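The structure appears below as structure tokens.
Each chain carries a letter (A, B, C and D) given by its place in the written order, and its residues are counted from 1.
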Amino acid sequence: MTKISERELLMIPGPINFDPAVLRAMSRPTPSHTAPDFIEVFGEALKGLRKVFMAEDGQPFVVAGSGTLAMEMATVNFLARGDKVLVINTGYFGDRYADLLSRYPVEVRQVRAGIGEVPPTALIRETLEGDSYKLMTVTHVDTSTGVKVDVENIGRIARDFDTLTIVDGVCATAATEFRQGDWGIDVCFTASQKAIGVPPGLAILMVSKKALDRFQERTEPVLNFYCDLKNWLPVMHAYEMGRPSYFATPPVNLIIALRESVGRILEEGMENRFKRHRTMARAVQAAVKELGLTMVPKRQELLAETITAPHYPGGADPATFLGYMKDEGVIVAGGLHPEIKEKYFRIGHMGPINDGDILATVGAVEKAMRRFGLDVGPGKGLAAAQGILSSS
Amino acid sequence: MTKISERELLMIPGPINFDPAVLRAMSRPTPSHTAPDFIEVFGEALKGLRKVFMAEDGQPFVVAGSGTLAMEMATVNFLARGDKVLVINTGYFGDRYADLLSRYPVEVRQVRAGIGEVPPTALIRETLEGDSYKLMTVTHVDTSTGVKVDVENIGRIARDFDTLTIVDGVCATAATEFRQGDWGIDVCFTASQKAIGVPPGLAILMVSKKALDRFQERTEPVLNFYCDLKNWLPVMHAYEMGRPSYFATPPVNLIIALRESVGRILEEGMENRFKRHRTMARAVQAAVKELGLTMVPKRQELLAETITAPHYPGGADPATFLGYMKDEGVIVAGGLHPEIKEKYFRIGHMGPINDGDILATVGAVEKAMRRFGLDVGPGKGLAAAQGILSSS
Amino acid sequence: MTKISERELLMIPGPINFDPAVLRAMSRPTPSHTAPDFIEVFGEALKGLRKVFMAEDGQPFVVAGSGTLAMEMATVNFLARGDKVLVINTGYFGDRYADLLSRYPVEVRQVRAGIGEVPPTALIRETLEGDSYKLMTVTHVDTSTGVKVDVENIGRIARDFDTLTIVDGVCATAATEFRQGDWGIDVCFTASQKAIGVPPGLAILMVSKKALDRFQERTEPVLNFYCDLKNWLPVMHAYEMGRPSYFATPPVNLIIALRESVGRILEEGMENRFKRHRTMARAVQAAVKELGLTMVPKRQELLAETITAPHYPGGADPATFLGYMKDEGVIVAGGLHPEIKEKYFRIGHMGPINDGDILATVGAVEKAMRRFGLDVGPGKGLAAAQGILSSS
Amino acid sequence: MTKISERELLMIPGPINFDPAVLRAMSRPTPSHTAPDFIEVFGEALKGLRKVFMAEDGQPFVVAGSGTLAMEMATVNFLARGDKVLVINTGYFGDRYADLLSRYPVEVRQVRAGIGEVPPTALIRETLEGDSYKLMTVTHVDTSTGVKVDVENIGRIARDFDTLTIVDGVCATAATEFRQGDWGIDVCFTASQKAIGVPPGLAILMVSKKALDRFQERTEPVLNFYCDLKNWLPVMHAYEMGRPSYFATPPVNLIIALRESVGRILEEGMENRFKRHRTMARAVQAAVKELGLTMVPKRQELLAETITAPHYPGGADPATFLGYMKDEGVIVAGGLHPEIKEKYFRIGHMGPINDGDILATVGAVEKAMRRFGLDVGPGKGLAAAQGILSSS
């Protein structure tokens, strides 16, 4: 796995550029999962997550698995046979939620929007009024398209109904403004490799007191063993209380890394963090616009703070374009949404990155475009980005 | 998480002492999960696992999760509503399998043995004759008691029935003799933090061609999304073929570490590895016997190669005993089986350890016993261990 | 030593941004200095250095110490009592050479230039004609001012005299064009933390066959023990031949890191490397010029490829300016030359960095200037840099 | 540099087994040597060293280099032309000191002892009385033979003369009892890779107030530039005061590792540390004696706490014996003293090792002996070692 340089800029929507200190934490000789110092570390990570999610009364869960596991955990624990579920679908991960839930003996209904759009508030409200839904799911930022949903608004709507709100925060949490407590979100989940800043392998959930109470009242067993919160709850309690406990061996090194990263996130402060991500996003978005590229999200207010999804410049072959970017030491991702996969690319901008990384990325886009013979005045995109960055 | 020394010997049945090179691999700046060099690494890890499991026609699966997830994946993919399952129960993890399967609409029957024993062959055969079982599960080595089942024999029995054999290899694979192909085992699974030698976070399965064919013929959807092999199969195929593919973000750093560890395992060679573990186990077991400690497993032939489970010496308080061991820099585990939890401890001896580590462990047991006022001639246990180690 | 992010860009003239793989090599469990695999690694590093210095018949020396130690080793081994030495002085490190040599019973003469200038060829030639010098020293790039001497030309002059040419390559070797063999340079030395790309702690010398022969003919003992090449030569020979040898314990981990870095340098190729550094330098220099900053080196052809030394913008307090840069995650260095220390800063651009790092640095300079109220159109410097970077 | 396992036990007299946390510190992205947080780290390391040397009024120096550089620094700074020096020679490193000093315009006299012996007190005293010596050097523990000098006694003698006492603590400091202040030692030096517990590359000196005053009074320049304490003193002062300073780029990563290791040393406490090393040494020495091996040091009271130097068992070929040890995962060193090089080997036992490591080493010696057909009852040496270890 040698290559000339490992100093690449990983500007994809996860895994992201991790802090070297977090990576170093990964290589600590693994302690026993019941060692007092590890118990303390795990406890601190859990307490810290509560602040990251801004969920004062939330119960965090950290489990070995991917974001997809978190999707499953976040829903099946609250569902019984015959329940109705509403999926607010804004793309690939909305489709996945519908697919995932179809395995279970529940009824799934979706409100969908065209690519690059979000379903209108009125439609969501109307749908909720039309039937009794146990829960609804919404993707805060769709990793496939860069479309952001106004989750605060969804929380507001949900208050009028007896429906649990499940937020897929995978491409948003710890970067995009999110206040689980204030906004009345019942469950939010993410995966470690996004703005949480830890290599992939952790599914992370934050369950509100209301949702946890609802869970604990259930009588029917959860239709899935690994996902069953009943298995995990005593473990999370124990670690937070400083006592050993066992259900499955926790991913010790990833959790040590999580504590390291959460500590740094809180040192920055959530408000600073939201602001930094907003500025970086606006800078990238101003730059690509200046370079003549259009965006997958249809409206300005749908643009995410964590990811930018521009269409390829005219005439650019996807693989070649991505290769040109890589030549500049900047890794961006191709399209993911099956219908338009070949038409756009994705720039992730999350975690411990800074203005310099944004400029490096924009510079690489400019250079890639020039290699396609496009007449991009050198620095045009950079100036647009810098305009935003230096006025913040 | 400072302590005077990180040079502790972690002699528990997982996580184990990992090779420093494997730990260093954990800290590599995470590449994209679709980067060509990572694809190559993942492909090599998969190919290597086939040799570790000695399953020439097997299909490996590597998924973010714990061993418990692997238990679920290894069974639910092969079950349909109403199927019958036989659990060969030798302790804690047999109980867990029964509990896990009880969530699903299948019928679970168990053959059980007393603590420290295994169910007799005749009883297993008789039970299989009495009904039609879709699959049976067996724990190769029960991490809770150190009892080893003769899995080759189980494979032999299974040939007479149309029942899939699922082996929980968590505390055995890559250390205890196991030849999946030759022994006709349909599915074997393990977790990374045991003899595979990688920090916790990976669920690893090897599915025989027969079992995979059976899976692919199924028409009913799997009753669990994250566990559904249909989601993972194309991904595993693609990585092994050198092509990118996506279902869920793979735990990139753990997989880089897996390749590193599997490379070292194969460099040692499976036969050497089986022999080394056998010798180390016999040495520990001779030593504790010489020191007057009795074992949880009732008979010599049930003693595992990966773990030794002695009863505490008379009068020793569990927590104090474990603390005395820790004072010597050797971490061993307390009991796990709920019925006898306070009566025994567990010494893991898996992975990249050597004779010196065995002596260090035995020396620590001797010293802990002396601190309880037990008259252990210094070096008595050591001499017994060394007798085995130096005649091998 | 916690800080919010370790992802800083270290744009000082050493230590530089090291490749993560090189840093990881630093943390390998230290093998014995006589272990066969370490001997191999050391041997490979030595062989590789010969290619980096382009000194086919050179003898490399790698010794624990700093660049200053290398200065001493590079001269005292070739001097006897009463010898005359010529120091071609272009700044701080020329002064240091004169100071260093004044300890020894030799006669030191200097040709000096004003700050930002180099002594004229005619003066050097004339001086050499005026007396018989055993050796002359020249600083390829003066780390204090960013002035580059035409070393090829110095080599050409030297051919007409029986004077050994000692090149201080600390801020040049492995980045700036240098062909020790072709140019007839007798000794060149550097330190690990510059373009060689290894954390500080290694003094590295390359001694030509002619100089080594001259050394081996000497009869008087070297007036310094640690510096005496006679102690080190058998060790270097032995390691390169694959045999153990001992004089002083080699800095094992740094040498493992050296092999890693040298391997990457040669993978890039020296010609590519010279070109990359040239382009990066020209881009930084175009940018700072565009931003209205003047340079310490007086003429275009004196600008180094490894470092740029601009004067602070009008009105900028040095510490505040450097602090503003740090706020942007870019570390640059203050002035070093005592006479003008408070008037300029230094940007290092060496090693495994790329165009993106250049843009990040220029962007930070722009932002720092704006914070001083200077009317810098955002992106003006970036556009200038990008103009160079994208035409290369 | 792949091998099956990196989990080797490095039982040579340096480099030693480093703590994983120290190795991890080596891989931190190198900060600027003038970064505030690095300044703090360096300052803490210096302050900590004062406690390790038990030299309340001492001035520490930490310089890139090996122990041999430290030898030179520790003497040349206190010598003027024509001075007389007494070398108390107990082996290889006494010879080296005489050789080293012979480069300088001083007069060197030696008191020598046979191999495995130390010069008698009376002879030392008598020699000092016979002439006026500026300084005398003594090797606390000779790495080549394992002979320990009673340095407290040397300090006592020195008080009667106006002679500076320079202690080579390379194989002793931070492990063997040493109280620089109380014992009135003027200069003590060591290298990082011994009991200080940091990979090789640092020369470390502790200079008493008296010696420093003497140095500062000198008028003649030091006959060596890199070694001149005048260059280093302001730097050490500045770092300890929390201010940046520059003479030569400090070996940043090694210094970060030094702070980590010194912190752990002090956490253990010097008295505990002396006791632990004493016990480990006595255990190894009891074991090799029990196995019938004789020691290079001629008398019990000359045995070091850091190294044991037994003669090879009868008939054992050196390379084969060392190879057998390596097969067991234990690296020991061959002989170093030229006169008896092929007759003995050396076991280092310094730093963050424990009783288990001692047993592992003894076990390996037993097994190596058996492979030579020697009738060593398995566990005989182990029992002897364990007898000591468990009575402490």
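In this text, contacts are C-beta pairs under 8 Å (C-beta built on N, C-alpha and C of every residue); 3 or more make two chains touch, one makes a residue touch a chain.
Just so it is clear, the structure is predicted and the values come from calculations on it, not from any experiment.
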| item | value |
| --- | --- |
| Chain separated most widely from chain C, comparing mean CA positions | B |
| Selected pair, greater C-beta contact count between C-D and A-C | C-D |
| Length of the line joining the C-alpha centres of chain A and chain D, rounded to whole Å | 53 |
| Between chain C and chain D, centroid-to-centroid distance (C-alpha), Å | 33 |
| Centroid spacing, where centroids are CA-atom means, of chain A and chain C in whole angstrom | 44 |
| Where chain D touches two or more other chains, by residue | 6, 17, 20-21, 23-24, 27-29 |
| Chain C partner contacts - residues on chain B that touch it in the complex | 20-21, 24, 27-29 |
| Contacting residues of chain A [partner chain C, same complex] | 2, 4-7, 9, 17, 19-21, 23, 27, 263-264, 267-268, 328-330, 352-357, 359-364, 366-367, 370, 377-380, 382-387, 389-391 |
| Touch list for chain D against partner chain C, complex | 1, 3, 6, 8, 10, 12, 14-15, 17-18, 23-24, 26-35, 37-38, 40-41, 64-69, 71-72, 99-100, 102-104, 191, 193, 199-201, 203, 221-228, 246-254, 256, 331, 333, 336 |
